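Take this structure, written in C-alpha cells, and hold onto it; I'll ask about it next.
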C-alpha cells in the first residue's frame, strides 16, 4: 500500500464523519465547560475559586477509572472469550489503556493541585489518590507487556490477562484503601468534603463537564484505535515483504542461511 | 480414512519472520513421512505447528481430526514430540522424569521399566539425576518418554542426532513397531533417505514451502527391511 | 484437574527437595531483608516493633517474587516449558499445582520470618490463630496472583524485571490487609479488629485462584 493509497483510509467514510463529529462535540462542550466553570459560576464560600476544579477533576477521574479501565477490561474479556474473539477487541483494549493512562495521570495532577491549597501538601496518602496511583501503575504494566515483541495473538493474550488481573484488583484496592484511611470521604465521585453544595449553575456545569470529558475520551479512543489499525497495516505490508524474501529462498541456489530459525543444524 | 495431518497453505509467523510461508502437507494415518531441507527451511516449525506449539498465522491445519486454530490443546495427549531440547527436569532422576511424563499424559506407568531396559537406561542409570547424564543418555531418556507414552502421532526432530549406532537401531525398531500399531510418524532429518528405510514419502522444504514430494514407496522399503521385521504381517504401508 | 495439580505440585516440591534453592537462597534473602530494615530503622527496637507487621509483609512480598520466578525457572532449561505444554496436563491443574507448591514454600518461609520478627524486633504475638489464618490466606492469594503473572512472564527475555513490575502493584492490597491483620494480632495501634482485613485476604485469594484456573489455559497458548 503506497502512502497515497492509504490516504484513502481503511475505514468507512461514515466512520470518518462520526469521529469528526465526536471531536467537534468534545471541543465545543469542553469550551463551554471552561467558560461556565471559570467565569459564569460563582466561587464557593469555603474554597473560593479553587472549587472550579470540581468541574474537571471528578469528570476526569470518572473517565479514567470507569470508562477507560472499564472499556479495557471488557474488551479483554471479549477477546479472551473464544466466541467473540476478534482483533477489534484487542485494538480497543490497547487504545482504552493508553488513553486511560493520560486521564489517570491527569486525575492525579488535578487532584494534587486541588489538594495543595486545601491540605497544604502536594501529595497525601488518602484513599482516592493512592488507589488512582496504583491504577496508573497497573496501566503502565499493561503497556510494558504490550511492548514485548511477539506475534499479535500472543501479545493480545498476555495483554488481556494483564488487563483482567488488574480489573479484578481495582475493586479490591478500592475497598482496602477506603477502609484504611480517607481524607476523601465516601466512594462516590461527587466528593462531599471538597464540594459541599452543588446547586443551580454549578450542577449544570458539572454535568456538562462529565459530558465534555466523556466525549473527549470517545474521540481520543477512536483516534488511537485508528493508529492501531494503521500500525497493523504497516506490519502486514512488512510481512508481505518478508514473505517474498522467504519465497525467494526457494528459487535461489541453496546456500544455507546463517543462524536461521528452524533446525539447529545438529549433524550426528 | 481421514489424514493424520493436513496442512493447507499454512503460514506461521514468529515475531517478524515467516517461518512457514505457505506449506501444503498431507500425511495419512500410519504413514512415515520424512521432512528434509536446508537449515532454516522450516522443518522444525512444521513439527511444532503439528504439535500445537506454534499457532498458525494463516492457512488451515488439522491434526488427528482437531482443527489447529481451535482445538490445539485437545491434541496434547495424542501427540508426542522429540525436539532438539530434551525437555527434562535435571534435578529428577530418569525414573521420576518418566513417571511424571507418563502420568501427565494419562498413560499407564507399568511399561516404564521395560522401555528403560530397551534403551539401555536400566540399572544404576535409572536412579541418576538427568542433569548428571551425558548428552547421548539425555537424548535416550527423552526418547524413552515418548516411547512410554505411545502417542498416535510421533513428531521427531532430527531423531538420529545425539544417538549412537545402537540407539539408532533401537529407534528404527520402535518406529516400525508403532507404525504397525497404527501410529503416524513425521520426522525431520538432514540425512539421506537411506537412513529411513521405513519412510513412505520424503517432503523437501525450502524457504518455508514444500518444493518437492518424493514417493519412497514399498519397493525401496522391502529392500532394506531388517530381518527382525520380516515376520511382521501386513506391515506399515497404508494408501 | 485435581489429579494433575497434585502431580505438578509433587514434581515441583520434589525438585525443591533435591535442589533446595528456596531454602538456601530465598529464605536467607528474606531474613536479610529483615536485618536490613533494622539497619534502616534501628538501633532502637521500638520503631522496629511498631513497624514489624509491615516489614514482615514487605519481606514476604519480595520473597514471593523470587519464589514465583524460581517456580517458572524450573521449566526454563532445555525446553521443559514446551514439555509441560505438550504433556497433556490440564492447564488449570498446572496452575493449581504450581500455586500450591509456591504457597507451601512461602508458608515455610513465613514461619522463619515470624520467628525472625519475634527475635529481631521483639514483637509479642497475642493471637496465634489470627496470625496463622491471615498468613495462610495472604500466602494463597500471593501465590495465585504470582503464578498467574509468572506464567505470563515466563518465556520472555525481560521476565526478571517485568514480573515485579506487574506483580507488586497487584499484591499491594495483600500488603495492606496483611499488615492491618498483623497489627491487630500483635496488639499494635489498636485501631480496629483484624477480622475484616483477614476476610479481605481470603477474598483476594479466592478471586485470584478462580481467575487463574479459568485463564491459565488460554494464557499458555501464547508462545
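Read from first to last, the chains carry the letters A, B and C; within each, the first residue is number 1.
Criterion: contacts are C-beta pairs under 8 Å (C-beta built on N, C-alpha and C of every residue); 3 or more make two chains touch, one makes a residue touch a chain.
For clarity, every value in this text was computed on a predicted model and none was experimentally measured.
Student: Chain touch graph shape: choose line, ring, star, complete or other and state it.
Tutor: Complete.
Student: Report the chain ID whose CA centroid sits closest to the centroid of the full protein CA set.
Tutor: Smallest offset from the overall C-alpha mean is found for C.
Student: As a test of understanding: of all chains, whose mean C-alpha position lies farthest from that of subunit A?
Tutor: Greatest centre separation from subunit A goes to chain B.
Student: Measure off the straight-line distance from the CA centroid of subunit A to the CA centroid of subunit B, and report it in whole Å.
Tutor: 47
Student: Would you mind pulling out the distance in Å between where the CA atoms of subunit A average out and where those of subunit C do?
Tutor: 31
Student: Centre to centre, by mean C-alpha position, how many angstrom separate subunit B and subunit C?
Tutor: Distance between chain centres, rounded to whole Å: 39 Å.
Student: At least two other chains touched by the same residue of subunit A: list those residues.
Tutor: Each of 150-151, 153-154 in subunit A touches at least two other chains.
Student: Where does subunit B touch two or more other chains at once, residue-wise?
Tutor: Within subunit B, residues 14, 55, 84 contact more than one other chain.
Student: Which subunit C residues touch at least two other chains?
Tutor: 221, 223
Student: Can you name the residues of subunit B that touch subunit A in the complex?
Tutor: Contact set of subunit B toward subunit A: 11, 13-19, 21, 37-46, 55, 57, 70, 84, 158, 160-163, 188, 190-191, 206-209, 211.
Student: Could you please specify the touching residues of subunit A with respect to subunit B in the complex?
Tutor: 82, 149-151, 153-154, 238-239, 242-243, 246-250, 254, 256-257, 260-268
Student: Per the contact definition, I'd like the list of subunit A residues that touch subunit C in the complex.
Tutor: For subunit A paired with subunit C, touching residues are 80, 134, 137-138, 140-141, 144-145, 148, 150-151, 153-155, 157-158, 161-162, 164-166, 168-169, 172-173, 175-177, 179-180.
Student: Using the touch definition up top, name the residues of subunit C that touch subunit A in the complex.
Tutor: Touching subunit A: residues 145, 148-149, 152, 156, 158, 162, 165-166, 169-170, 172-173, 176-177, 180, 196-197, 200, 203-204, 207-208, 211, 215, 218-219, 221-223 of subunit C.
Student: Quick check on the complex: what are the subunit B residues that touch subunit C?
Tutor: My answer: residues 14, 51-55, 72-73, 76-77, 79-81, 83-92, 96, 100-101, 103-106, 129.
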